[in-house]
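Two complexes come next, and they have one chain in common, chain A, joined by chain B in the first and chain C in the second.
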Partner chain A sequence: MSETTSHSAADRASAAAPSPALLTVSGLSVRFGRTAPPVVDDVSFEIRPGECLALVGESGSGKSVTARTLVGLTGGDARVSAESLVFDGAPLLSASAAAWRRIRGARIGFVLQDALVSLDPLRTVGREIDDALRLHTRLGAADRHRRVIDALTDAGVPDPALRAGQRAGQLSGGLRQRALIASAVVLNPSLVIADEPTTALDVGVQQQVLGLLEKLRAGGTGLLLISHDLSLVARVADRVAVMRDGRIVETGATEAVLGDPQQEYTKTLLAAVPWSQARGTRLTVEARAAAETRAVTDRDDAHGSAALEITDVSKAFRTPAGTLQAVRDVSLRLEPGTTLGLVGESGSGKSTTARIALGLLAPDAGQVRLLDQEWAPLPERERRPRRHLLGAVYQDALSSFDPRWSVGGILTDALTGGASRSIRRYEDEVAALLRSVGLNPDLMRRRTHGLSGGQRQRVSIARAIAPGPRVLICDEPVSSLDVSVQAQVLDLLDELQEQRNLSYLFISHDLGVIRHISDRVAVMSEGRIVETGATETVFSDPRHPYTRRLLTAVPHRRDLTPRQS
Partner chain B sequence: MRRAASAGPRVALVVCALVVLWLLACAVAPGLVAPGDPLAIHPLQGFEPPSLAHWFGTDESGRDVFTRVVHGAGPSLLIGVAATAIGIVLGVALGTLAGLGPRWLDFGTSRLLEVLFAFPGLLLALLFIVIYGPGITTSTVAVGLATAPGYARIVRSQMLAVRGAPYIEAEVVLGRPPLWRFRRSILPNVAGTLFVLVTLGVGQSIVWASSLSYLGLGAKPPTAEWGAMLSAGRTYIDSAWWLTFFPGLVIVASAAAATVLGRTIQGRVRGS
Partner chain C sequence: MTLGPGTEVEAALESAASTRRSGRGAVRWLSTRLAGLLFVLWAAATLTFFAIRLIPGDPAQAILGGPGSQASAAALAQARAEYGLDQPLILQYLGQLGRYVTGDFGTSYSLHESVVQAIGQQLGGTLVLAVASLAVAWVLALAVAVFSVRAGRAAWAVGNGLEIVSAAVPHFWLATVLILLFSSTLGWLPAINVPGPVGLVLPVVTLAVPLAGFLGQVMRESLLNALHSPFVLSARARGESEVGVLVRHALRHAALPAISLSGWAFGSLVSGAVVVETIFARPGIGRTLLRAVQERDVPLVSGIVLVVALAYCLVTVASEVLDRVADPRLAESPR
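Here is the complex of A and B:
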C-alpha cells in the first residue's frame, strides 16, 4: 500500500511534465456470447494520475460494462479482448483471479451506483470497510479501526465512530453512498471508478459526494466517472468520452465537448438537458422544428375556479421512532390548463401531498377540491364517479401495470372504465390512443415488461388520459429515464396539455425538469410549502433561504450553455 | 440468465411427464392399461414373484399386483387431488380473510394458523379421523385440513403483497371498486402462484393419503389403493418384497413426478 501511495505522490511531484498514464485502454471490446454484437466495441482511452475522465451516454451504451471490465467483474460468459489494457505498468488482460484480487479494492477502488444493495445488510458499515484493510494490509485491529474512522470522516460522514457501528439499513441513502465511497478509498487506491455515484442522491448530498471525489482527485487519484448526468460531468471531469452503442463517438476536454460538440449525438444529448431550455420550448429537435415556441401567457391571475385546490392539508404518520409530521398546512392552487411544479428533496412530503390529492390517503386536517367540488376528505364511494377527472402518472410505470396484461389490455381497460380488456373490440380506439402518445399501434399486443423505459412511461400517460381527465398528477414521471427520453416525455406532456387543456401537478426533485415544465412552482421542505410563485420569479429571485440553498446546490447551468462564438 | 440448460434436467422432465401421463391413463381408464380384475382371487397362485405373466408378482390371495397398482391409481390420485382442492379452497378463504380483511381479523386468523402450524400436519389429520372415524372420505378431508394452514399463510402474504402493489393503487386512481379489484386483479395475480403450489401439493397429498391408508385409517385393505396395499403387504415383507415394493414405487414416482413438474412450471412462471 505504501508503495501505491509513494507512487501517486511521485506522480504529483512531476505534474508539470506529462506524467505517464495510470490506465491505458486501447481497442477494448466486450461481447456476451459468441455471436452477439459487442456491448463494448473498440474503446480506447487513458487516465493520468489526478485526472478525471467521464464516460457519458444513455443506459445501454456500454458505460457500466466498460467499468466492470476494468475491475475484472464482467462475469463468466463475457468475452473480453483488447490491444492493450495496462494499469500502472502491468497488463490487466492476462491477470489471474488472484492477481485481480490484489488489484481490486487495494489499487482500483470501485464505487457502485446502488449503495443499498452493495452493502451487506447484516454487517456494520465499519466491518464492511474493515474488510478491505484486513484483506490487503497487515495492520492490527486498533490501527484498522483508526483507518476506518478516518475514511468515514474523509467521506463526509458525520459522527463516524457512531456510524461505523451501524448497519446499512439504519443509514440514509446519502450516508450509505458515502460509506460505500469510504470503503472504496480506504486503501488509497491510485484509480477510483465511480459508476453513477450520485444518481440516487438528493442535490444536497450530491454536492458532498462531489466534493469528496474532487478531493480524491486533488490528492493524485485517477478518476473514471460514469454518469448520464451531464451537469455533474461538467463540474467534475477534465475530459469526457461520449459513448453510444458500445463505441466512443466523441472525446476531448470537457469544455470542448460540452461547450462545442462536434457530433450530432452529443448535440442531441446536450439539447435534451431540460435546464438549458426555457418553458414552452420543445426539448427534442424534431418537436422543436414542428412547434414554434409557445407563448407563455401570464397565468398569475387567480380568477375563476381552480382545477385542483389543496387547502391547509396536514398528515402525520406514526413510526416506531415517534410521530412523523409528513405534511403541515400545505395549500396549493392549480389553475386550469397550467402546470404547477412541486419541488423538494426526498422526504420533504411531496409524494404524501400527491397521495392526498389523489384521494389515496385521508388528510388529518384540511381539504382538497377538484374542479370546484369536494374531493377529499370524502368516502371513496362518493369520489368514484368523478375519478375519471383525475389521472396519475407514476415514477415507476412498470410496477403500476398489472403484470398479466398486455399494453392493449391495459389501455382497453382504461378506455372502457374497467368493463372490458379484450383488445379486439376496441382496437381502433387503442391504436389512436397509442398514436396520440407517439407509440406504434403494433405495441398493443406486447407485454409491458418487454418495453423500454420511455415506452412504458408513454403507455402510462396513455392510460392516464384515456378516461378523459382534466387534471393529471405526475409524481416524478421522468426521474428514472435517460435524458433524451426524458426530453421526449416532457415534450409529450407539453403537447397533450395544449391539445386537451390539461392541468398538471408535476412533482420532481429535479429543478431543471421543474423549471422546464412548470408555469408556477411550489418549493417544499420538511412538509411545508416554503415558497411559491411564477417559475421564473422563483428561479431568478428566490426568497426563501431553503430555495436559495436548493438552487445553489444544483450543478450550474452555465456549465452546459454552449459558448457563443 | 442461464440459457444453456444441460440435457439432464430435460430428460428428467420428459420422464416425469411420461409418468404423469401414464398415471392419468391408469386413473381414467384402468381397464385399458391392465384388463384384469384387481379383486379377482386365485388362491393357488399366491406369492408368485414378478414374472412375464405377473409383472409385479401376486399377493397372498393370488391377485395380480400390477393390475391392483393400475386400478389403485384412480382412488390414490383422486384422494390426492381432492385433498389438495380442499386445502386450497380453505387456504384461499382463510388467507383472503387475513390478507384483505380488517386488522383484527388478520390478527385472529394469523394466530389460529400459527397454532395449527405448531401441530404436525399428519397429527392434525389423525385427530380429525379420531373424531369422525376412518374411511376414504374422512382421510381425504383430514389431509385437506392439515395442508390448509400452509396454503393460507402463502395466500395471505401474496394477498398483502398484491394489495399493496402500485398497480392496485393505480386501479384505485382509475376508480375501480374494491370487488372489481379483487376479482379482476388481486385474485388472478395470487392464483398464478397458487397454480404452482397445487402441482406441488398434489404430490404431497398423495403421500399423506397413502400414509393414512397404510395406518388403516383410509381405504380398507381389499380396495386397490396404494397405501392400503402397502399396509397389507407389510406382513409378508420378509418373504414377498414385491407386495410392498411396487405400490411404494408408484407412490414415490407419482409424488416425485408431480413435484418436478410443479417446480418446472414455477421456474417458467418466474422466468417470464
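Here is the complex of A and C:
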C-alpha cells in the first residue's frame, strides 16, 4: 500500500480541498413514468480529481440508475431532475444530445460489469476500443491502431496485438474485463464510472482489475465505483455513500462509514458480510438473537464412517483443443453432520467434482461412496433407490425450475420422487416444507419467476431437502445473491444442518462464504486438491503457495477497521 | 498480480487451436454439406417418382396426348414398351436413378424437347424473380424494423401489425389487388409480362411483401434485443451516435436470424413463383411446373423438382456461409 493511501481521511480531505470538484451532484432525482415513485431520490455527492467515491447498496437501490444518469443514458422514459449536475464546470442537465456524445467516452469513461455482454460479441475488442478514438479524434487508422495497442498494454493485457484481433468471447474473463476498461479509458477521461467492475470475476482477476482502477486514480482520474461488495469498496474507495431505496442513507470517509457505521442499514450490510463472522455465528441480526453460538469443536469429531467419500477420482474431457484433465486424483471425505467447503477459481474442477459426486458424470477412475455404500461408478438403476439420500442446490435456482410449474408442484414432485405433482394431496407436507425454509406457505400456488432471488434459493433448498436427504451438494448456492439475502440463506443452511443432521459439500469461489460455513476446507486448483484441513487452520496458516496467493488476494476483516497512519 | 496464469495459458492454447482447426473444419463442414445435398437430391427423386405414380390415369395415355387423344390399344402398348412402363416398378425406379446419374433427364412428353433444355430456358426468369424478391423483402423488413424500433410504442404496434398482415396475405390475392390498382385503375404498370425491369415490378412486390412480413418479425425482435443489450449501452457510453449504434452494432445482430431464414425463404419464393408466374403470365419454372403437372408430363415434373431441390440446397448452404461470416462465433463452436 502506498504512502498516500495510508493517510487518514482528514489528511486526504485537506490535501484535496484546494482542487475544485470534478463532478457535483445535488438533489438528483430520477423516476420512470409520471406517477411511479422515484428510483433515485434527492441524491447529492461530489467527486474530486484523483478521488474515488463508492456508491454501495443492494440490487434495486438505484446505484446503477444514478451511474447511467451521469452519462445521460438513463433510458427513454426516465424523468431526471436535479438542483445542479455540474461536470468540469459545465452543467450536464441542459446538455444537447451532441454535447453528451462529446462528453461520453472522451471525458467520462463508463465501465459496465460482465465484459462478455458489455463488449459486442461479433466485433473484435480492438475495434471496440478503436470506436472511441474514431468518434472523438481525427487520427488516421494507423495512429488509432497504435493507440489501441497502447491502451491494451496500459490495461495490463499481455500480447496486445494478438488480443486486439480477438472477440470478447475468445478472451478469458480477466482479459476481457481489462479490454472493456481499456475501451472506456483510451482517451484518458477525467472521470471514470465503474458499475460493478469486478462482479463475476475470480479473486485473482478482481485483484488485477482493482490494480488498474487504482492506477487510474493515482493518475488523477476521478472514480465513481458502484458496487454491492463492501470488501472491494473498503480497499479502493476514499469515501463511501450507502444507498437504499434510491436515497443516500449514510456517507463519509470509507474508514468512518465502514469502521463505525451510524445507520442501522449500514450495520446490517456490514454484519451480513460473511468473512467478518466466525463459524457458527448467525449472519442476520434476528437469527443471531435467536440462536446461541454453537461450539465449533464438537462438529469436528469424526464419528466412524463418512457421509460422502470420494477416493482418487479423475475425469478428463475431450475438447477440440485437446484433452482437458478437469479432475485429477481428487479425494475428499465429508464427515456426517459437517460442512466441507470446496474452494477454487472458476475452471479449477469444483463443479466437475460435484457432478461426479452426484452421480451425474461417470469418473474415469476412482470411486465415490455415499453413507458407506458404493455410489459411483455404478449403474443408475442401482443408484436410484438411494437417490433421495443425496440432494443438490445450484447457483441459478430459477433455471433449475420448470417455469410452467408452481412452487407447490415443484415441491410435491420432489417429495414424491416424481410420482405426483398434485398440490392438493400433499398440501400439508408442502406447507411444512415451505415453513421450514422460512417461506410463507401461500407461495405454493405461485410460479417461480415472480419470486425474488432469495425466495427462489429457499424454494430450491426446500426442494433439495424434500425427499429427506442425508447429504446436500451445494454448488455456489449464494453466489448470485445480495449480501443480506446471502446471509439469510447461509443462516438457513446452518439451521437445517443442525435440525436434520445434514452433511454439506459446499462449493464456492468466495473465500468469505467458505470460511463462514465450513468445518473443513479443501482448496482446488487445476483439477487437484492442493490443500485440505480444518477451516481456521487453512485460513490462518495456509501451507500450499496457491492457498496463500488466494488468501492474499482476498480482502481481510482488518480492511474495515480504521487504518493506522 | 497473476493469480490465475492457468486461464490465460488456456485461452492462448484455445485460440491457437481454433486457428489450426478452422482449415480442417471448413473441409469437414463442406463435405458433410455435400453428402447432405446428395441425400436430399436422392430423396427428392425417389419421392417424385413414386408420388407421380399415385396420380390416377395412364401415363401412356399422357404420352400420346392426354385422355382426349383416342389412342389405340396398340399405340398405348407401344408407348409403354418405349418408355419402359411395362417393367416392374422397382426396375423403372432404378433405371430412372441410373439415367439421372449419367445426366439423362429424359424428354418432355408435352414439349417434345429434352428436359434439360426446357428447364434451361425457363430457369433464368424464375431466378431473377426470386433473387429480386428476396432483396426487396430484406429492404422492406429492415426499413419497418428500424422505423418501429426507433419511433416509440405506437410505431412498434403499427410495425407489428403491418408485418402480421403482410405475412398472412396470400400471393394470388395480393397479385389481383396490385393488378387492379396499378394496371387497370392507374395504368402505371403492365399486368402481364413485358421485357425489362418494368414487367418485374408487380410480380416482385407480390412475392416480397409476405416474405418481408416474416423476415421483419424476427428482425424487429432481435434488433430490439440488441438495442437493449449492455454492449450497446457501452457503445453509447463511448459516445456512439444513434446511427452508429445501429450501423456498427445492432443491425448486424438483427440480421443474424433473418440470414438463417433466407434459405427457407428462397424455397417459399419458388413455390410462390408458381402462382405469380401464372397470374402475370411470366415465363419461368413455376408456370412450366404447373403445366407439366396438369399434363402428367412425368420427366419434366421430375426434372423441375430436382432442380428446385438442388437450388434450395445451394441457397441453404450459401445462407449458412453468410451466417458464419456475419457471426464468427459459429465458426469456432464445436459442430
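Note that the second predicted complex is superposed on the first by the 537 of 565 C-alpha atoms of A that agree within 3 Å, B and C clash if a C-alpha of one lies under 4 Å from a C-alpha of the other, contacts with A are read in each partner's own complex, and residues count from 1 in each chain.
Here is the rule we use: a residue touches a chain if its C-beta (ideal position, glycine included) is under 8 Å from a C-beta of that chain, and two chains touch if they have at least 3 such contacts.
Owing to the predicted nature of the structure, the values given are computational and were not obtained by experimental measurement.
Look at chain A after the overlay: chain B and chain C clash there. In the superposition on chain A, A:Val203 makes contact with chain C only, while chain B stays out of contact range.
In the superposition on chain A, A:Gln166 contacts chain C only, with no contact to chain B. Judged by the touch definition given at the top, the superposed model places A:Ser84 against neither chain B nor chain C. Contacts of A:Arg102 after superposition on the shared chain: chain C is touched, whereas chain B is not. Residue contacts after overlaying the shared chain place A:Ala184 against chain C, while chain B stays out of touching range.
Set against each other, chain B and chain C differ in how many residues of chain A they touch, and the higher count belongs to C.
Shared-chain residue A:Leu175: touches chain C; no touch with chain B. Once the two complexes are overlaid on the shared chain, A:Leu112 sits against chain C while remaining clear of chain B. In the superposed model, A:Gly418 makes contact with chain B only, not with chain C.
In the superposition on chain A, no residue of chain A contacts both chain B and chain C.
For chain C in complex with chain A, the touching residues are 1-4, 6-8, 10-15, 17-18, 21, 229-231, 233-241, 244, 248-249, 252-253, 326-329, 332, 334. Against chain C, in their complex, chain A makes its touches with residues 68, 71, 73, 101-106, 109-110, 112, 114, 117-123, 128, 131-132, 135-136, 158-159, 162, 166-167, 169-175, 180, 183-184, 202-205, 207-208, 211, 319-322, 345-347, 525-526, 549-550, 553. Across the complex, chain B meets chain A through its residues 165-167, 169-177, 180, 184-185, 188-189, 192.
Against chain B, the residues of chain A that register as touching in their complex are 358-360, 380, 383-385, 387-388, 390-392, 394, 396, 399-404, 413-414, 417-418, 463, 467.
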